[in-house]
Structure formats: structure tokens, C-alpha cells
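Below are structures written as C-alpha cells.
One chain, chain A, links the two complexes that follow: it is found with chain B in the first and with chain C in the second.
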Partner chain A sequence: MSLLRALPPLLRAFPTLLRVGFAEMVAYRAEMVVWILTATLPLVMLALWSAAAEGGPLAGFGQAEFARYFTVTLVVRQVTGAWVVWELNHLVRTGALSPQLLRPVNPLLFNLAETLAAIPVRLLVLAPILLALFAWRPDIAFLPSPATALMGALSVLLAFALSWLVQAIFGMLSFWLEQSVGLFGLWFAAWGLFGGYIIPLPLLPEGLRAVAEWLPFQASLGAPVEILLGIEPQPLRSLLVQAGWVLLATLLARWMWARGIVRYGAVGA
Partner chain B sequence: MIDVHELSKTYRVPVKEPGLAGSLRSLLRRQTRDVQAVAQVSFRIEQGERVGFLGPNGAGKTTTLKMLAGLLHPSSGRVEVLGLRPQDRPTELLRQITLVMGQKQQLLWDLPPTETFELNRAMFDLDRAEWRRTLDELIEMLSLQALLDKPVRNLSLGERMKCELCAALLHRPRVLFLDEPTIGLDVEMQAQVRRFIAQVNEAMGATVILTSHYMQDIAALTPRLLIIDQGRLRYDGPRDALAQRIAPERRISVRGSHPALVERGFREEQGRMVADVPTGGANRVLAEVLGLLPEAELGVEEIPLDEVMARYFRARP
Partner chain C sequence: MRILRLARVLAALLRVALMNAAAWRASFLVELLVGASSSVGVVLPLFFVYQHAEQVAGWALPEALMVTAFFLLLQGLVGLLIEPNLSAVVEGVRTGALDYTVLKPVDAMLVSSLQRVAPAKAWDVLAGMGLLAWSAAQLPAPGPGGVILAALLFLAGLLAVYAIWILVICTSFWFVRVDNLRFLLGAALDAGRWPVDVYKGWLRLLLTVVVPVALVTSFPVLALRGEADATMLIQAFGASALLLLAARRTWLAALRHYTSASS
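Right, the complex of A and B next:
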């Protein structure tokens, strides 16, 4: 149980990892702001779908519902954002992974800490956008019941884990392939379509929707959005699907790491 | 301490023909060939030793070093460092070794070096008081005081290398792997880094294993040499014994230009006349020169290590 033995020192290290990660974010603040703003597609979708719903609700989504849906999507997207696929690709191709491999903390966990450390910065950048949205449409505001909020929070956590793991998995493909980031682009496109990022899942044709509900795309974004809004009829099932994907992705990620590191060429290092 | 037995590493590298047609062909059928970087290398290194890996570019010295540090998995053979398998990267081992690479850095680029030092304290789970003591000691030895709160990106190459060394030694490793630690540094900074490494070896009793292109690094730091060439270990022994064997002469130098000495086998070199004479014959030549030029300023020295090595590699089978 090497993981269990590694845990106490890791927990002791975590506050420092978070603090240094935060300092890095602040050092990169200009890039960070631009980068956060590139993930504001939900605002565009909000405008588009609101216009589409002018004549009346679509599949139960009126203008207020669309506004709420994409506002929550914007927030969930920000707090579940990761960049480990690009980071790993860079580390493996340039050999910059080498110094990280010589520290007792797994480089993936180090990245996880950095990713978590970025969340407060992301929320800070998001705050004025959210305030502007509330000022524009006060009916965006909603208050979930404690049970919904709890399930929603859990679902956001699972979505974060899944997004990060999927990126880590694609990033680890760099041990074998040069084009891992390109492959992730394919995933990203499917995620945009079936993850509720561009179209809320309830608006998809019935057959497609039934399939999409079980896919990892919805599990890493749409699921928490729908649970938080209280429009997911089976929130527990949704959480279980998410947990299943997280488990699967964890196993795959561990398996890939163990094999990839053997192939690691430590290029130019 | 370090035990290497029949260690080999083979890389499988893709073969791509040039041009678009070549790219397409390699896309359809990926051709690879095996390159043996290290072949059946065996040696032992004891605690506290200072050992230099020498060899031409691509000889396999960095590959060997990376296998010792656990970054590369051997294709065959066995390697043990402090009784552990480095390729498994057990925490117990990582806490006792360090690797400094002249061309790769661990410092966080946009933050002051203190942040990396702090990060390493957390990652190596070091006791804060002990870490502080080591850090103060290293700051003193490397004269880092003025650099501590400048972002790393604003430091010069030499300043960065000093901070790298500091970050790499905070956990007081027992084994130091140094891959080209002085590369790109100016002469004064190279000398500083060399002095520091020697000091660490003495003060902390750390074992030092070094690769370098600069013979001055080797001459100043490592009494024992491992020469690796085309993946094979060609020599393992004292530096001085190798120099004795390859270049047993003494170099006699006479300051200034003296055409009269040319016919006695001297050549002009950097404002002086030099001749390499067999060790036993040095006194006779010195007497001759003094007879000819009673006022001459004379010097006797060993053949410089880079020349020894150049001769060694020229003479190899």
C-alpha cells in the first residue's frame, strides 16, 4: 500500500504546493486572465439560445432557464478546468519531466495541486462577469435545497476529477505518441457536443440523449450543472455514472503511468 | 553503495526517410532500428568517492547517469544505488540522491528561488528547522543572499546554476549525480561551482558522480575516471594512472620566443616554447636549455588532461 504510506507526507506538503501554485498563478496573471476568458463560450451560447427561445420555450427551456443553465455551466467549466494534457505533453517531449521525477511527489499529483490552486484565481476573474450577468437578468439567481446543493457539490468534485484524469490520460499518451494534444482535440469536440457545453442535453433528440447520459462527456460537465439546477430527474444515478467513470479513469491513468514511465526517454535532459 | 552489473540500454528509434514521400511511407509503416546506447557496463562506486564519466558525445555517459538516477529503465542488467533499484524510484532512495543537470532546471521560472526551496522542503517532507539550517549553510557557501528574492527569470545562467545546486542539496543527499553542471558558465563561475562541489563532498561526505565536457571539471574534482565510449566501459581506474599510461611525458615550457629551441624539438605555443619529453629525460633537457639560454624562465608540468583524453580517443581500437 505504497499510496497509503505516501499519503501523510503528501498531505503535509499539500498546503505548500497550493500556496506555491497560487503564487505561480499570480505570476502568470495576465496569461491566466486571457486563458480564463477563452473558456467563456457559455456566454455566447447563452446569447444564442436566449435568442432562439424568444418565441417560446424549447424542450422546457425558456430564456430564464437558458440564462441559468449557461451561467452555471460557465462556473462549473471554470472550477473543473485543467491543463495537464498540455503540461504533460511539454514535460515529456522536452525532458522537463526529469527533475520532477526525482522528487518524492509524483509529478501528476504536483500538477493536481497546481490545478486546485488555480481555482480561487479563476473564481476571482469570474466574479465581475457573474455580477454583470446578475445585473442583466436577476432571474438567474436560484437557491438549491440543501440536498441538491450537497449532491451538486459532490457532482462538481467528480466532474473536476474526471476532467483532470481524462486530460492526464491524453497527456500520458505523449509517452508513446507525438500527437497526444491533437487527439485530445477530438475528445474536446465530442465533449462540447455531448457534455452539455453547447447544447443542454435535454434538447438533444431522445435516442441521442439516452446514450449521452451515460458518456464521460456529460459526466465531466453537464451532470453537475443539471443536478445543481434541479433539472436532473435521477441525480443519484447521475452521480453513480460519474463515480464509475472516475474509477475507470483512475485505474487507466495508473496503468498508463506505470507503463509510460518505463518508456520515458528523458530526452535532452 | 552503487553497484552496476552488465547494464545495457537499447533505444528503439524511428527511421524516417527525408521528404514528403518519406513521411508518408513512415506514416504507413513505421520503420525503427535499435541503437545500443550502453552495453554491458559493470562497476562499483563506494560511499564518498568522486567519479567522473568521460567520453565523446553520444558515448552513453548521460544514459548511464540517467539509469543510475532512475530516470531511464535499463534494457537489461542490474543497477543498485544504496541497495535500492533506482528505476522504481522508491521514496527512500529519492530522499538520498539528487541529480543536477546543466541543461534542465527545476527552479520555478517566474518565482524567486526561495519558492522552489520551500517547495522542495514540502516535497521532501523535511523538518523545518533542519531545512533552515541546511539552507543557511548553502546560501553562505554559494553566496546566494542577494539572489533570493529575484524571480528566477531575472537571474544570470551562473546565478541560476548556483540556485539549482542549492535546491538539489536541501535534502542533504548522500549521492550527487551531476550532468554537465558547468555547461555554458564563464570561467570564474565554473571554478566556483567546482569548489562548491568539492566542499559538499567533503562537508557532507556525499558521493559525487559527474559527467562533463570540461576537462578542468574532471581534473579538479574526480580522482577516479570511468571512460565510456560507444556504450562500453573502456577504462575504470585512477585518473593519474591513466595520464601516466597515455601521456607519461613532462611538458617543459620556456617563456618567450626562442628560435634556437626549435631544432631541439620545441614548438611555439601561446607565447612560449614547449616540448614534451620523457619523464626521466626532463632534467637533461632542462640543463640543455639553461646552457643555451641562462636567463630563460622555465616551467615543468604534466600533460593537460584534455590532451591526454584526445590522445586516448585517437589511439582507441
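Right, the complex of A and C next:
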């Protein structure tokens, strides 16, 4: 207990926030299931690539590799999923942010706790899909080496942080603009193309690929997938790129929050 | 006479809906930009895939692009005309605002289906038409029969998707919060962007029978290639007629179930 008391108040509150977040996920479970099932584009892409690889592997990707790649992509996408951009947009536009500001915890951190608490629910919904995939193609199963698993886990963590931060940044734009969800749509389109969501980076044309490796899109999805699968030749460099983007995004998010909250008009107050 | 009146009502509904959409100018412009980028995002992956393979499941690039063109047309028309209304109806059921729709002396299903439009989605329709023209130019010219058949198949598929949309709306009369079901349906439609032969087994069955998105995207291309057979036609028109009938029935049942939030 005394150890708990020594922690800063925020960290002490975090377990409770997680519990509250989890309770909310359970309360809106049907809605949550639907949201999770909407992110099945990797499976649609898998069907296309798998058919394309019928005649033989493409750039080292055979049917089994594609199946593995998009299965891991599906999982990583779910685990790193966030919704803070819509949440912030709604809170700022309707003024519902005001009561949240009265709490002793930053509303953004409250959302972070909720997002983290949703992860077990997401995995639960994914389980039957993964089982079906496994039944269809048993060679999907793979066992990463301990070192790969460790680096992969770290990379997933960084990807989670980056996707949440990017959404928070676009969400905070609503302090200045009426509509920031639309702008996030632009990011999302680029992320789909250059983040490994619909095409594995190794299959992009050489020039594009060299650029995409350094972009935040790959850092928030493709990097952990490739590290986990062991197809990234320089996992350490990937991790460093990810860490760099996370640092940059953290600084930007903190700066924007400080500026934005001053501009916040509290509609309805 | 009745038809004429219906057409006048339709035109008036569309005019008001357009005015509503254009009233929020900044948001309107951003949405136009996002709409254009998402159209590009649908087409680009195919070029990447065909860089590595000559044929995918027996489809060459121009034919696959034509499927994607029909998909863009479908997605555009659904986003432009159907989807904005779904959220409006769901919202109306929750707040009781549907009262005003039901009170009007015009068919409530018609009004509910056409009270809002999202003009930004017109990009998808434009991109779809452009892509259709471009891919058609790469392929041998189809006969007039093929063109008519393709148009009919596309229309049948479109009506089937509309019917499914109505069915989804109807569930809101019982479950109230279903507005995210439209995203789920959107995700299911997403599968229609590739030629149907890409999908195997039960997935293929799902896409031709349950959520018959393949009817809208792949079948018209097959018709243009002169490969449409009788089973395909029976399947397409049968599915869309059945779905429309079910949608109409369910809508009427749902409306009887509607209790309004204010009384």
C-alpha cells in the first residue's frame, strides 16, 4: 500500500481507469464486436494476394507467407486500434469535454486507459476468426524465436503508442477546425497504402519502398508485423524509427493540448 | 398520375438534401478531398498486385479494373444516396423524429431513403465511370446485348444492396442502436472490389447469395465479356427480387412496431 502511495497520483489512478474502461467495453459489447468486425480488410486483401500467388511466390511471398502476413496484420491492427480521434471530435464539438476537464485526470489519459482496456475484448472477438483461418491454412502457425518475440512485442507497443498519438493529434485539431475527422481520413488512406495494411512493403516498387520504410505509416503497423514474422532484415533500425516517431508525436501532442485547451470554447456552457 | 407525383416528390427531396449538404462549406471541401483520396486508394492496390502477376484467378488487369469500376460505382451510389439516410432513420427512431416522416402523405420508406445525400461520395461515382470507360477501351468491344445485360445486372445488384440496407435499418426499430451496423455492411461490401473468382468456397457463396455484392461488381463484367449464363441471371434477379420483397415486408412490420419516443 505504501508503495502505491509513493507513486504519482496518475499512476495510482491508472488501474482504476483500466477497470472502468473494461466495464464500459463490456457494457457496449455488441457495439464493440461490430466495430472489431469492420476492420477485416486484411482478409479481403489476403484473398486477392493469395489468388495472385497461385502461380508461384511473388517477391518471396507465397500463399502461406501471404496468409501469415495478413493474419498477423489483422491482429496487430486490432491490438493497436484506437478511436480517440472520433471521441475528441465529438467531445469538443458538443462541449461534452467540459465536465471531463473537471476530473483530476487528463481526459486524454482516460481515453488511453479505455483503449488499453479494450484490447482483451478485441482479442476475444478475433479468436474465432483466427481459428477459422488456421483451419483453412494450418501453415499459418509460426513460432518466433524468443529474441524476435521480444522485439516484436516492443514494436507492437510502439505501434500502439504511435497510432493512438496520431489519432489524438488529429482529434485535437478540432480545437481549431470544425471538422478534423475528415483530415484523419486522408492520413488513413496513406496509412493503408504505405503502412503494409493492403500491400506488404517488400512488394512495393523499390523507390517507394525505400521511402515508406521511414514513414510513420509503416511504423504504426507494418514494422511490428514484419519483425514478428522475422522478415525484417534490420529489426533494430525499425524499432529506432518507431521510437523516433513516438517521441515526436508525444511532443507534438503535449504542445497541442496545452495550446488547444486554451482555445477550447466549451459549447453549451 | 401517382407515378408523376412520386417523381415530383423525389426531385424535391433530392434538392433539399443537396442544399443541406452544401450548407457546411469547410467540411464539404475537406470531404471532397478525402473522397478523392479514397477513390485512389481503392484502385491503386490492383496496380501493385498486377506488377507481380499477369493474371489473378484468371482475370487480367483491365477486367479486374472493370470490376473495381463497378465497385466504385456501387460504393459511390450507396454512400451518396443510401448511407446518409440510414443514420438519419436510426437517429429518428431513437429520438422520435421519425414521427415527422411517418406523418407525411408520401410513402415513408421512400422519404426515409432519400432525405439526405452526401455529395462528396460523387467522387467514387465519377472515378467509377472514368475507370469503366478506360478499362472498356482496353478490352474488345462488347455486343449491345452484353451492355444491356450488364446494366440490368448492375441495377439488380444495386437494388439488392438497397434492400439489405433497408433490412439493416429495420433492426433499429427493435434494437435502437445499430448505426455502426452500416460500417459492418460497408466492410462486407468491401469484398466486392475484387473479381469474385478470387474468393473460394463458402466465402464465394456468401458474396453471391447472402450479401450479393458480387452481383453488382463481377457479374456485369462477365456479361460484358459475353460469359453471362442463365443461372447467373436467375441468381441475380431472383436474389434482388426476394431481398426487395423481404425489405418491404420488414419495413411495414417495423413501422407497425414503431411507438415514437414522445408518446
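Here, the second predicted complex is superposed on the first by the 262 of 269 C-alpha atoms of A that agree within 3 Å, B and C clash if a C-alpha of one lies under 4 Å from a C-alpha of the other, contacts with A are read in each partner's own complex, and residues count from 1 in each chain.
Just so we're on the same page, a contact is a pair of C-beta atoms (placed from the backbone, for glycine too) under 8 Å apart; a residue touches a chain by one contact, two chains touch by 3 or more.
The structure presented is a predicted model; accordingly, all values stated were derived computationally and were not measured.
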Exercise. Of the partners chain B and chain C, which touch A:G265 in the superposed model: first, second, both, neither?
Worked result: first
For this session: Please indicate which partner A:L186 is in contact with in the superposed arrangement: first for chain B, second for chain C, both, or neither.
Result: second
Problem set entry | Contacts of A:G95 with chain B and chain C, given as first, second, both or neither | first
For this session: Once the structures are superposed on A, label A:A51 by its partner contacts, choosing first (chain B), second (chain C), both or neither.
Result: second
Exercise. Taking the superposition as given, does A:V20 touch the first partner, chain B, the second, chain C, both, or neither?
Worked result: first
Problem set entry | Which superposed partner A:V34 touches (first chain B, second chain C, both, neither) | second
For this session: Could you tell me if A:E206 is touching chain B, chain C, both of them or neither one (first, second, both, neither)?
Result: neither
For this session: Kindly classify A:I198 by the partners it touches after superposition: chain B alone (first), chain C alone (second), both, or neither?
Result: second
Exercise. Which parts of chain A are in contact with chain B and also with chain C?
Worked result: none
Problem set entry | Residue numbers on chain B that touch chain A, as the complex places them | 11, 66, 69-73, 87, 89, 91, 94-95, 97-99, 101, 103-106, 108, 110-111, 115, 118-125, 151, 179
Exercise. What part of chain A is in contact with chain C in the complex they form?
Worked result: 31, 34-35, 37-41, 44-45, 47-55, 58-59, 177-179, 182-183, 185-186, 189-190, 192-193, 198-199, 203-205
Exercise. Considering the complex alone, what residue numbers of chain A touch chain B?
Worked result: 6, 9, 12-13, 15-17, 20, 23-24, 27-28, 95-96, 98-105, 110, 261-262, 264-266, 268-269
Exercise. So in the complex, which bits of chain C are touching chain A?
Worked result: 24, 26-27, 30-31, 33-34, 37-38, 40-41, 44-45, 48-49, 51-53, 55-57, 177, 180-181, 183-184, 186-187, 190-191, 193-194, 197-200, 203
